[in-house]
Every structure is written in structure tokens, then in C-alpha cells.
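Take a look at the structures listed below.
Same chain, two partners: subunit A is paired with subunit B first, then with subunit C.
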Partner chain A sequence: MIIQVDKLSYEYSPNSVFAYHALREVTTSIQEGSFTAIIGATGSGKSTLVQHFNALVTPTGGSLTVDGKHIVANQKVKELKPLRKKVGLVFQFPEYQLFEETILKDVMFGPLNFGVSIDDARSIAQESLIRVGLDSSFYERSPLELSGGQKRRVAIAGILALSPKILVLDEPTAGLDPEGSASMMSLFQNLNASGTTIIMITHDLNHVLNYATDVVMLDQGHVVFEGHKETFFNETDLHEDYGLVKPPLLALRALLKEAKISFDAHTLDVNKLAQSIKEGKHV
Partner chain B sequence: MSIIEIKNISFSYNNVDLALNDVSLSIPQGKYVTIVGHNGSGKSTIAKCIIGLLQTSAGEIIVDNLVLNNENVDAIRSKVGLVFQNPDNQFIGSTVKDDIAFGLENRRVDPKDMDEIIDRFAKAVNMHEYLNFEPTKLSGGQKQRVAIAGALSMTPQILILDEATSMLDPKGKSEVNDLVKQLHSQTNMTIISITHDIEEAYQSDIVYVMNEGKIIEFGDPKDVLAKETLLKSIKLDIPFALKFKYALNKVGIIVNDSNLEGMVKEL
Partner chain C sequence: MSNIALGRYIPTNSWIHRLDPRMKIINMLFLMVAVFLPARFYGYGILSVVAVSLVLVSKLKFGFILKSLKPVLLMLIFLLVINIFVIRTGYVVINIFGLLVFSDALFQTAYIVIRLLLMIMITTLLTATTKPLDLTLGIEDLLAPFKRFKVPAHEIAMMISIALRFIPTLIEESQRIMKAQASRGVDLTEGKINEKIVAILSLIVPLFVSSFQRAEELADAMEARGYSPTAKRTRYKQLQVTLKDWVSLFLVSCVLIAIGTLAWFV
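Presenting the complex of A and B:
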């Protein structure tokens, strides 16, 4: 358990006419090394929840523990720096936050802020840029002349330069073309394989299906599901109850079920599904 | 009959690289046409050339029997509605009603008739309950539907959607796609959708695949999008229904249909 959330509530503008409960007594946990998708409709509290993970916001009720650091309600959190280094938070459209003259400088900004020497910061930045697939020809270019997908890579390299244990991503592929989106997702998959815990907010159930290991689903500030991806897709109809758009594989499974064709209802892989139809085995 | 006839057009943004390289296509009246390809393949450039926003360096464009030139450009623009990618960049009015009214005012429609026209098109995109809403209160999908209503209120013969759903979440995407499908079946309007969404392309009548400023393949999506090797070579995926068909083939089950419903029936 790398993150444990315990009866966490968060209210925006408390005691005012704009008071709004974004999270209500949320209890959930994130497994170390997992690739956890956070899903739910707009306004369900996804972004508010993940912003607690690096103490960008702190609870108005309840508590959470992030990699050993306990954060309780209404308590000033001291010594946040280590937490900020451990948990990298990538906002939606992070490319809007690039500001330095050159790409290398932009990625060096984080490490320099954490007191790393210029030489070390440079080599860390170079490594991070390689990890996101940008070679040395990019170092001295202005971030502003890049394409949308490339800019986003620079922004993510800036977070990776702090070598976070946990990477939190808020809809990282929004607005990218399919090729950009797929290569971005495989970057996260590689980071996950090398040990980084990935927490990703997404609206796209295809990404949940193809990349995630676990799912946390929110609705109106409450957790309505937490568990393995397979459990989510195989044993619940939650994606339908909450009007999420069905990935084609699930649409196919519904059709097969309706036609009373026997197939392996546990596989999420199209080739295995075809094989199970052939074997006519009902699992 | 072709409503749009494009003959050997070329275009360059910088006089060095050709964004469109000797492109010809012919779009039949009343069809739902998709153009797929990656960013930079020239998809959007074609749309901008058709309405004369960009001037081609060679070739000819004919829209509804009018040759695109300085004389005809206004007439051609009145036949073509265009909806762009970013929902926020094309919302001009302070409310939904004002936004749809903008085009009508430009066309000097009698204010007495305007309410009726606005109502009708707001209904067509299922936004009539939001007429007095400000854009900040709308989702991306709702804003795009208002943009479509604005384009439709000009009663175009051709509706071009330039990646109109690419910034929307899956729900907004399906709202807009369903609306477009419905419009197409009800009105016989020619629809040209420039898209990244291979599943949407699979549902269309004709698909054009673009790469590096050229059309590399076109025709019935059932055939064109079945060319796995070709699509993979330009890093596009094949539609899910065909993935399933191939997966069945691999284990020795042969089905003839190319839609999920049809294949399941055969099984």
C-alpha cells in the first residue's frame, strides 16, 4: 500500500455560499507498483482526490498516508518538499506550463529547485529527455516551437527529472492524435514496469482496458468501485450504470452473450476471446 | 454526381514542403465521407482549400458545379458549413442563442424570423433547453453541438467537420458522432469528417487515407480499413470489428460479415 486514504473529505470554500463538497468520506488505497486508473464523470472528485496525493490540497476531514507521510485534516503540513519529490503530479495540458527559453533548461528547473548542482541537473535532465524519447537535437530549442505531443513530453520529462516514486497523471492523452496517444501510454507502461506507481485519471475505458491494473471509480465524491481491472470489467456493470462509453470489446461481449454463444468471459484480449469461442468453452 | 471535385491540387505553407501533393478526389452528393491520417498528413489543409481559406498552387476545385475562384468563393462558402476542432475557439456569442444568431445576423436574416430558425436548429442538435446558457456552463460536447447548429442554420449542402470531436471526452465524442449520423440520414447532406477516429471512419460511406500530403488509399471502409499492413505502416490501427474478424480467422473460424452484429449472427 503506497497510498492509504481514510475517510477523506474535501470541501471547497467551506462556510460560504459557494461551499461545495468535492469528496465525502473517501476511503481507498493505491497499491505500490500498480497502474491505477481513476475514473468517473466530470465533477465526481477525481482531480480533487489526486491533488491530495502530493498535498497540493489537504483534507478538510479525515486523513491520508502517502508513502509513510501522514496528512490529517486542518493541520499545516510541514516539510512538504520530500513529498513533492516523491509524488510527481502532471496536470491536464501540462504543455501550457512550459516557460524556459530552452527545453533542457525547462527540464533542469525542478532538480535545481531541489538543490541539485547545475552539472548534475543537466545530466538528470538529459536522461529524463531520453526517457520520453527526445534526443540531444532538442536540448537548445525553444519549447514553444514543438508540436503539442512533443511539448507534453518535455513537461513530463520535467516531472521525471525529480525521479518520483509515484506519478500522477490527469488525462495525459487528451487532445493527442492516436499515434501520440499510443506512444505516450507506452511510455507510462515502461515507467510502471521499471517500478514507478502510476495513477492516471482518464475518461477513456479503452486505456483502462489496455494499460491499467487497478481501478478506482468515483461518483459525486464517493468511491463506487475499487479493485482489479478484471473485476471491474468482468463482474460489474458499473461502466454502463454511469453512462461511460463502452470499449468495443465489451460491446462484442454483450452481443455474444445475447446470442448465447459460449466464450471465456474473463479474457480482455480479442485473440484469446476468439480462441475460447473456437473451443466453445464456457468459463 | 460529385458535389466536390478536386483535380490535382497542390499546396505548400512554406514554399518548400508540399502539404498537399497532387491530390485528386471526387465526393459524391449525399455521402458521409471520412478523411483519416496523422497530424501533418494534409487532412485539414484540404478542408481549408475547399472553402478558399488557403489558395492552392496548382489544380482545380469545383464545388456544386462552381469553379473555386475569386468570383465564386462567396457562393461556395455559402454552400459549405465548417466546424473546427477546439470548442472554445469558435464560440462567439455570450449565450447559445447569440452564438447561433451570429451567422444569421451576418446574413441579414430578418430578426422576426430569427427566433424560429434558432429554435429549429437548436432542437436539431438537442440544445434547445440551453438557449440562454453561457458557454462556460456547457461541456465541450455541448459547445460543439452549438457550433454544428450555427453551421446548419446557414443551410449548407456540405458539412465539413475538422477533427470536431478530437478534444472531447468519449461521451462528448459519441454525442457529436450520433448527431452527425442522424443529420446525414435525415437530410441527405454531404458530410466530410476529418478524423483520427478509425471506428468513426469504419461507419462512413467512403474513407480517404492520407499520408504526407497524398491520398494513399480510398473506397469502402470495409475494404480500405482491412489493409492492416498498409495502415500499420503509417501507424494507424484497424477497426476493432476487423481485429475480431482476423482473430477468428486465425483460429480457423471464417465469417463473411464485417460488422460485430453480423459476425456474431454467423457464429
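Presenting the complex of A and C:
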């Protein structure tokens, strides 16, 4: 377990008219090397939860342990700063964080803040930019003249440049076209394959189905599900109970069942499903 | 967002909340005039009692009012220091190692402090009990008679309401950017001066970029819906002056007259 959350509560503006409990005694854990999807309706506390992971907010109750570092209520943020390097957090619409004159400088900004030398920062930045698919012709351009999708790649490169052990993504594909979104997702899948733990907030169950290994579902500040993706899709109807859009594969399975066609009822992989229909195998 | 008390609307739905915004603005102006009349300590005593009772009636917490006073604290201390050095009339109160502190310096500072505190209390009362949009409606109506002198009442009100509308959005936005940059290792609270400058730049540049973008989008959206500042517009919300508004005006006028008389005779 790389992250262990224990009865964590968080309240915005405590003791005022605007007091609001975003998280109520949340207990969950995230496995090292997993690709964990965090899902739930707007206002369920997803963003607040992930901001605890790199100590942008500290709990108002309970505690959490991130990669061996124990965080309790009202802890001083200063001693938690090293956590920011270990846990990279990409916010929703991260293109708003770009501010340097050139793309290369912007990506170097993070490593420089953590005391990396200029030369090292430059080579790290170049590496990260290649990773997100931007070549050397972009280095000296202003981040403001890029398209929305390219800006987001630069912003993500800026976080990857910290070489985080855990990468937290808040709806990384919001507002991207299907192609851009697919290539973004395969980037994260590659990172995950090379050992980075990925935690992703998403509203797209199709992404959960295709890329995640585990699922944590929140509702009104409570955990309503945590476990493997297969358990989530095969053994519960939670996505239906909470009115989420059914992924096409599940819709297809339902239609197949109706048509009394035999197939592997447990697979979440399109190709395997097709194969099982072909073989007429009923599991 | 919770740290900013100045100019924030607090929905406690008190008697003052339900007053007509136009009347509230006029009442506030009257009280402001009263604050600036040279009515000495008796006058300020009366005004303080009035202000405190208004806070009680408005059901606002005193902690909230104190919070909005915090930003001026530094200014008040600065003022006291300046006055100690500049004003050299009256009798000597204390002698700090040869530095003579005169009574008038203390009195002058006390006057200004009380005036500022009362002023902030009264304006906070207005903004805390009136929804920003009602406030602009009120301003627009009060400016309407000046339209004859080519005062663009509607445009001013529209600008104010847009500005007010975007304060929380900008606060939220800046907090989001601050968090995003903090994730990249920015530390706004400590570091050397040149590190701090970069830290602030990393906040301000994105904030400007997104503000201009927002402004453009809003202008487009308004134009797409046929907005024209010169067009004759109707209103969904009609303001109505009722008995309680007249009562409030009467009470405030009484305070103003009392203070005025005091200032005249004392």
C-alpha cells in the first residue's frame, strides 16, 4: 500500500455560515503500482481527497500515510514539502499554470524549485517533453501560442519533470478531442507500466474500464466502493445506482444477454469478448 | 476564500438584510457624513453605540467584523507613529528617552482610528447585508437622476456588478493556480526575495491570462445575447420602498441630526 487513508475528514471554512464537510471519515487505500480510478458525482469530494495526497490540504480530522509519511490533522505544511516531489498532481485544465516565456523554461520550473541544477533540469525537461510527444521545435516557443491540447501536454510534462513516484490526475482528458484523449491515456498507461502509481479522477467509465486496475467510488464524502475494476463492473450495479453513463462494452454485454448469445460474461476486454462470442463459450 | 471578510455577503436574513438597497445606501452615506462631523468623543460614543447595535440587529458575528478590520491595523500603527513625530501641541504625556509624546498626537490618532473603525464597520454592514447584485441595482437607481448630465448610470452599474461577480471567481482561480504551482514546488511563504518574485509571477501571469480570456468570453456571450448598453432595459427584480425603509431612514436621520447638533455646539 502506497497510500493509506484512515478516517480522514475535511471541512471547508469550519465554524462559519459557509462550513461544508467535503469528506467524512474516509478510509481507503491505494496499492503501489496500481492505476486507480476515483469516481463519483460532482461535489462527492474526489478533488479534495486527492489534494491530501501531496499535502496541498491537510485533514481536519483523521490521518493518512503517503509513501511512509504520516499526515495528521493541522500538521505544518513546511515539513511536508518533499511530498510534493514524490506525488505529482495534475489539476483539471492544467494549461492555466503555464507562465514562463518558453515551453522549455516552463517545464524546467518544477525541477529547479526542488533544487535540481540548471543543466540537469534542462535535460529532464527535454526528456519529459519527448515523453508527452512534443519535439525540440517547441522548446523556444511561448506556451501561450499553443493549442489547448498542446498546452495541456506542456503542463503535464511540467509535472512529469519532477519524476513523481505517484501521479495524481484530476480529469486529465476533460475538453480534449477523442484522439487527443486516447493518446493522453496511453501516455499514462505507459507511465504506469514503467512503475508509476497512477491515481485518476474521471467521469468517463470507459476510461475506467480500459485503463484502470482499481476503483474508488465516492458519494457525498463517503467511500461507497473500493476494490478491483472487475469486481466493480461484474459484481455491482453501482454505476447504474449513481446514474453514470454505461460504457459501450457493458451495454453490449447486456444486449448479448438479452439475445441469449453465449459469451464470457466476466471479460472487460473487447477482443476477449469478441473471441468468446466466436467460440460460443459460456462461462 | 474564508480568509477574506471585507466586502463579503453574509446571508443571515435579518431585518437589515430585508431593507431596500437604495435606502441602505442612503443610510450608509448619512452615517458616513455623521462619522466625519467633528463631534468629539461624545459624538463618537453615540455613533459607536449605533454601529454596535446595528451589528447586533444584523445578526452578524463580531468576529467577522473584527476580521474585516484586520487589514487596516498596520495602517493605524503607522499613523500613530507618524503622529507622534509630527504633532507637537498639547501637553507632554510621556517622555520616552527624550522623545516627547504630546497629548494632541494621541488624541488626533484616536480620532482617526475611531473614524476609520466606524467607517469600516458601517460599510461592512452594508456589504455584508446586501447581495452584490441588489447593491448594484441600488447604485443604478440612485445614479439615474444624473443621467440628465450624461452620467452613464447603467454602464457604471453593469461594470460594478461584473466586477463584483468576478471577485469570488478570481479568488477561486488564484487559489487553484497557487495549488497547481505549489505542486511544482513553489513556496509563496518563504524563500529568498528573487525566489519570491518568481513565485508571485507564477501566480500573476496565469491569473492575467485567464482574466483576459474570461473578459473576452463574457463580452462575446453578452453580445451573442444582443446586449447593448444604450438599449432600454426592463428588470426582473423590482425594488420597493416599504414602511420599514422609511423607519430606517428616519432613525438614521435622527442620528445624523443629533451628531450635527453636537458638532455645532460643542
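Operating definition for what follows: the second predicted complex is superposed on the first by the 276 of 283 C-alpha atoms of A that agree within 3 Å, B and C clash if a C-alpha of one lies under 4 Å from a C-alpha of the other, contacts with A are read in each partner's own complex, and residues count from 1 in each chain.
One rule holds for everything that comes next: contacts are C-beta pairs under 8 Å (C-beta built on N, C-alpha and C of every residue); 3 or more make two chains touch, one makes a residue touch a chain.
The model shown is predicted, which means the values in this text are computed figures rather than measured ones.
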(Q) Going by the contact rule set out at the top, does A:Gly110 touch subunit B (first), subunit C (second), both, or neither? (A) second
Q. So, does A:Val270 touch the first partner subunit B, the second partner subunit C, both, or neither?
A. first
Q. Can A:Ala193 be said to touch subunit B (first), subunit C (second), both, or neither?
A. neither
Q: Would you sort A:Ile130 into first (subunit B), second (subunit C), both or neither based on which partner it touches?
A: neither
Q.
Once chain A of both complexes is superposed, is A:Ile159 in touch with subunit B (first), subunit C (second), both, or neither?
A. second
Q: Based on the superposed arrangement, let me know which partner A:Gln51 touches: subunit B (first), subunit C (second), both, or neither?
A: second
Q | Partner chain in contact with A:Lys81 - subunit B first, subunit C second, else both or neither | A | second
Q. Counting only touches as set out at the top, which of subunit B and subunit C does A:Ser16 meet: first, second, both, neither?
A. second
Q.
Residue numbers of subunit A touching subunit C in their complex, please.
A. 12-13, 16-18, 51, 54, 56, 78, 81, 84-85, 88-91, 94, 96-99, 109-110, 113-114, 144, 158-159, 162
Q: Quick one: which bits of subunit C touch subunit A in the complex? Just the residue numbers, please.
A: 1-2, 10-12, 173, 176-177, 179-187, 190, 201-202, 205-206, 209-210
Q. Any idea which subunit A residues touch subunit B in the complex?
A. 42, 147, 174-175, 177-180, 182, 203-205, 243-245, 248-249, 251-252, 255-256, 258-259, 261, 270-271, 273-275, 277-278
**Q.** Interfacial residue positions of subunit B with respect to subunit A in the complex
**A.** 38-39, 139, 166-167, 169-171, 173-174, 196, 198-199, 235-237, 240-241, 243-244, 247-248, 250-253, 260-261, 264-265, 267
